[in-house]
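In what follows, chain A forms one complex with chain B and a second complex with chain C.
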Partner chain A sequence: MKAINKNDFSEFVDDLIENDDREVVGVQTKSNEFAFDPLKSAEDLRLDYDVTILPPKKYFMPQRETLVEYNLNEGETTPVNQVVPRIIMGIHPYDLVAIEQMDKVFEDTHEDPYYLEKRRQSVLVGVNMANVSDRSFAHTMGTATTDTGYDIMLTDIGDRYAIEVGSSKGSNLLEKAGQAVDDITTDEIRKVKQFKEELPKKFKKDTKFDPFELPSLLKNYYENDEFWEENAEDCLSCGTCNLVCPTCYCFDVQDVNDISLSEGERLRTWDGCMLEAFAEVAGDENFREEKAARYRHRYMRKGRYMYNRFGDIACVGCGRCSEQCLPDIADPVEVFNQMKEGTS
Partner chain B sequence: MSKPKVAFFDFAGCEGDQLQVANLEEKILDLLELVEVVNFREVISQKSDDYDIAFIEGSIASDHDAERLREIRTNAGIVVALGSCAAIGGINSIRNSQNPELVEERVYGDDADKVEAWDKAKPVDAVVEVDHYIYGCPIDQDEFVHVVESLVQGKEPNIPTYPVCVECKMNENVCVFARNGGSTQISSSEREVQTPGAAQAEQGPFCLGPVTRAGCDSKCVNEGTTCWGCRGLVDSPNENAHKKVLDKYGLTVEEVLNKFNLYFGWQQEERNNE
Partner chain C sequence: MNAEDSLYNPQEARIIGKRKLTDDTKLFELELENGERLNQEPGQFVELSIPGVGEAPISVTSSPTRGLPSFELCVRAVGNVTNALHEKSIGSTVGIRGPYGEGFPTEELQGQDLLFIAGGLGIAPLRSLINYVLDKRDEYNDINILYGCKRPCEQMFDDEVNHWARRQDIYHEATVDFCPDNVCWGGNIGVITELIPGVDIDLDNTYAVVCGPPVMYQFVLEELDKKELPHEHIYLSLERRMKCGLGKCGHCQINGAEEVLYACQDGPVFNYERVKGFEEAV
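Right, the complex of A and B next:
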């Protein structure tokens, strides 16, 4: 482990903003919330945030991106990959875990060069959670801390940040900070350890389940229509829970012609299984027409389907879906607790 | 292939949607490569009854309107409702829930008895079949171009069926309900504490985004205001859930109904009759 004075770290960030070819983005305030955005100054970086509106997945899988440009007259197609190399500052452990899960998804079976190239050209600077949002339950999901997924990881230990290096990308980045990066003291190592040990106490959600029970709990509840209908009754089908989720990756693809009708682009945009038309297919058939069916699908996906395929519980406990659902029906803790209580 | 002939017609409305088309500026020249405009009162003086695509702006509000509209429907292969008034009844249908005599008197004074308007302003599809809808008050210029392009190519235009929240989230806006130190998760007692006296002084935050059809790129919320619902309700709005949300944020039933009536008047009435 290494350490750096907070002032030196700010100078380091300012130096990167000014001199590094890559775009430096980090967590900043957005009105009274937080968001990852391009940094203009280290002053704006808020490493004490609780949670951002959107997860950093937007940097690897943008909300809208062009995949191919085409010319119909010439019969030409040109693949486009709009990669912006980035240094991303201030990623919480649960989001790092989510990114590792997404790496698997986009590497599996059919490699997705759009996602993967953006990932390769990004440096992930993690930070341990100084503050915890009311709805987060990362402590239960085992994602409040992580030993992997970051290039470097910071922990606030008072006047200095402790730094853990996770990759050569991380050590290369640190080299740019030069002499400012110091060896960590024994006392500081103890502080990092203590920080991580005390973190679970900061979480407010009362969880009654173990994440590894979720696949079987969900299986038992699959056919309990009443359970899903009751829980989904107030669903607005607005897709918020999908869009803000760090492990939701579904997308839609459309060909958009420009006004000449001879040129155009193939566009990929975020989609979500809670939206009414998500499962609509040719002939106007919709195999998840009812909101309860869509609601159930989201939970199955997070707690069972992804586990069956990749071995991951695809809920990292960030609490974004729960925090941002207006009718307040998207809190996984409430649903999983109900299942657990109904089973035992 | 000859260019499809296009005609614009206005009924009860402000003609703001046609103005959006007239204001396409350089794009209008590109558009004229695709279609031939034969009727467009705001832009050209000639008229013709020979057209393939008719864009109808405004609500239908009298027998005379209906007769004229039916004639257009007979002439046109494709009828497109242009803008909120034509597509969903829009602002004109605010009056549908009011006493028609009072409305006429308020607007026309002593001449009120000369007015031969229906008690209700109706969207185009209440009178004739509509093939396509371009929503918005006013319409979005890019969406208009997209619809024209699609029709010229014989493709189904891609109009979102999901609510504005989707675009708002993609734009990473702070939710209207979470502005000013608020939270998306709040009890009404907590809100009073956060904004003392807010309940008396002004109503709580409202946003019709959760039940309004997207396609506007959430532009009003992006600019710091709120969604007024100008694109109409989504196909399957969960109004009950949305009303509970508004209630949680301190809007009275009457205030909620007022907000819903601005653009949703006709759609709400239709849904209640179902």
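Right, the complex of A and C next:
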């Protein structure tokens, strides 16, 4: 483990913004919330944030992403992968866990070059959670801290940040900070340990379940229509919970022509299983017509299907869906607690 | 970026034949511009694309035993991509990705009696297997084909249907839900399930292969249950709006209490025993 003075770290970030070829992005305030955005100055970087509006998945799977460019006159298609190499500053552990899960999805069956190349050309700078949002339950999901998924990981230990290096990408980045990076003291190592140990106390959500019970709880509740109908009753089918989820990756593929009508792009755009048209087919058939069926699908996916396929519980406890849901019915803790209490 | 690496870059294919099958359905014969074969298995699908309009998953209706290197798509004009394809003339090009998915288990079916049950456009994927089996006639036992449409004018592939009817080694029955008074129709009038009791089924050796609109499956499966055909002997070709064909986009998931299936990877052809616990399957 290494350490760096906070002032030196700011200078290091400013130097990267100024001189590194890669785009430097990080967590900043946006209205009254936090968001990952390009950094203009290290001053704007807020490593003390609680949660961002959107997870950093937008850098590997952008909201709109060109897959193929086409020429309408000649009918020619050209694949393009618009990769912006990036240094991403301030990723919380639960989001790092989510990124590791997404990596498996895009590596599985057919390796997806669009996602994977963006991942390869990104450096992930993690930060341990200095603050916790009211809706987060990452402590329960085992994602409040992580030993993997980052290139470097920072922990606020007062005047300095402790630094853990997770990869050669991380050590290469750190080399650019030169002499400012120092060996960590025994006392500081103790502080990091203490930081992680005290973190669970900062969470406010009262969870009654163990994450690895979720696959079997969900299986037992699958056919409990009443349970899903009651929970989904006020759902607006807006898909916000999908959009803000760090492990949601479903997408649509659509063509958009430019104004000349001679060229255009085939885009991959974010989609969501909570939207009414998601499971429609020709002839006005819809395999998930009822909002309760869509609501259940989202939970099955998070707690059972992804676990079956990859061994991961695909809810990392960030609390974004819960926080952003207008009718406030998306909180996984409420649903998981209900399931646990109903069966125990 | 290499075209091969993209996964999403379509191959150019030229329309070399176009034939009207019904008022809203046409048969397109296509050839890849690079001269290669599509190498599809019966029951697989492709992503058909028209730049500027979009992509749509379409099952390949031709058997790999016929017409090589070309292949055929039977397309009803119901959406943006399919309507745009109908406007295309012979000689113009479209994009093709694939073939994708698990097709019919041609080896498992060898030596068995086969019962094809097609409703409406469901004949399109089944035709790839019917013609495959007819071209390897010695490898398969009895062949029964039941084909139902809403009305006589919606029956497709008339020449082939007439050929099935003439052949002594095929049991073939056609039905329509409704026949207008002024139309001559030699087949049955009624729903397709009415034809099932008339088929001679040897329970040990018969495999049913079913494709039709979602509403049809339940009634056909009930009728096959009355015959006590084992569920492992029933194959269904299911339709979903696959956006990627690669097991990623999520649109074709069929969920159940235990697990989720991807129509584009695990299907579109499924064994009934495998999918019967999935309430979203049909």
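Please note the rule applied: the second predicted complex is superposed on the first by the 337 of 344 C-alpha atoms of A that agree within 3 Å, B and C clash if a C-alpha of one lies under 4 Å from a C-alpha of the other, contacts with A are read in each partner's own complex, and residues count from 1 in each chain.
Operating definition for what follows: a contact is a pair of C-beta atoms (placed from the backbone, for glycine too) under 8 Å apart; a residue touches a chain by one contact, two chains touch by 3 or more.
Since the structure is predicted, the reported quantities are computational estimates derived from the model, not experimental observations.
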| query | Counting only touches as set out at the top, which of chain B and chain C does A:178 meet: first, second, both, neither? | reply | neither
| message | Contacts for A:275 in the overlay, against chain B (first) and chain C (second): which applies, first, second, both or neither? | response | first
| message | Taking the superposition on A as described, I'd like to know which of chain B and chain C A:342 touches: first, second, both or neither. | response | neither
| task | Considering only touches as defined above, state whether A:257 meets chain B (first), chain C (second), both or neither. | result | both
| task | In the overlay, answer first, second, both or neither for which of chain B and chain C A:75 touches. | result | second
| said: I'd like to know which partner A:300 touches here: chain B for first, chain C for second, both or neither. | reply: second
| message | Per the contact definition in the header, classify A:200: touching chain B only (first), chain C only (second), both, or neither. | response | neither
| message | Looking at A:238, would you say it contacts chain B, chain C, both, or neither? Reply first, second, both or neither. | response | first
| note | In chain A, both chain B and chain C touch residues 254, 257
| Footprint of chain A on chain C - complex, ascending | 1-3, 5-10, 12, 49, 51-55, 76, 78-79, 92-93, 95, 213-214, 239-241, 243-244, 246-251, 253-260, 265, 280
| query | Which of the residues in chain A end up touching chain B in this complex? | reply | 30-33, 35, 53-54, 58, 63-64, 134-135, 233-240, 243-244, 254, 256-257, 259-261, 269-270, 272, 275-277, 291, 322-328
| said: Considering only the defined contacts, which chain B positions touch chain A in the complex? | reply: 27, 30-31, 33-34, 145-146, 149, 152-153, 158, 161-163, 165-166, 169-175, 177-185, 209-211, 234-236, 238, 240-242, 244-245
| message | Under the stated contact criterion, what part of chain A meets chain C in this complex? | response | 67-68, 70-72, 75, 77-81, 105-106, 108-110, 112-114, 219, 222-223, 249-255, 257, 264, 266, 268, 271, 273, 278-283, 285, 287-288, 293, 297, 300-301, 304-305, 308-309
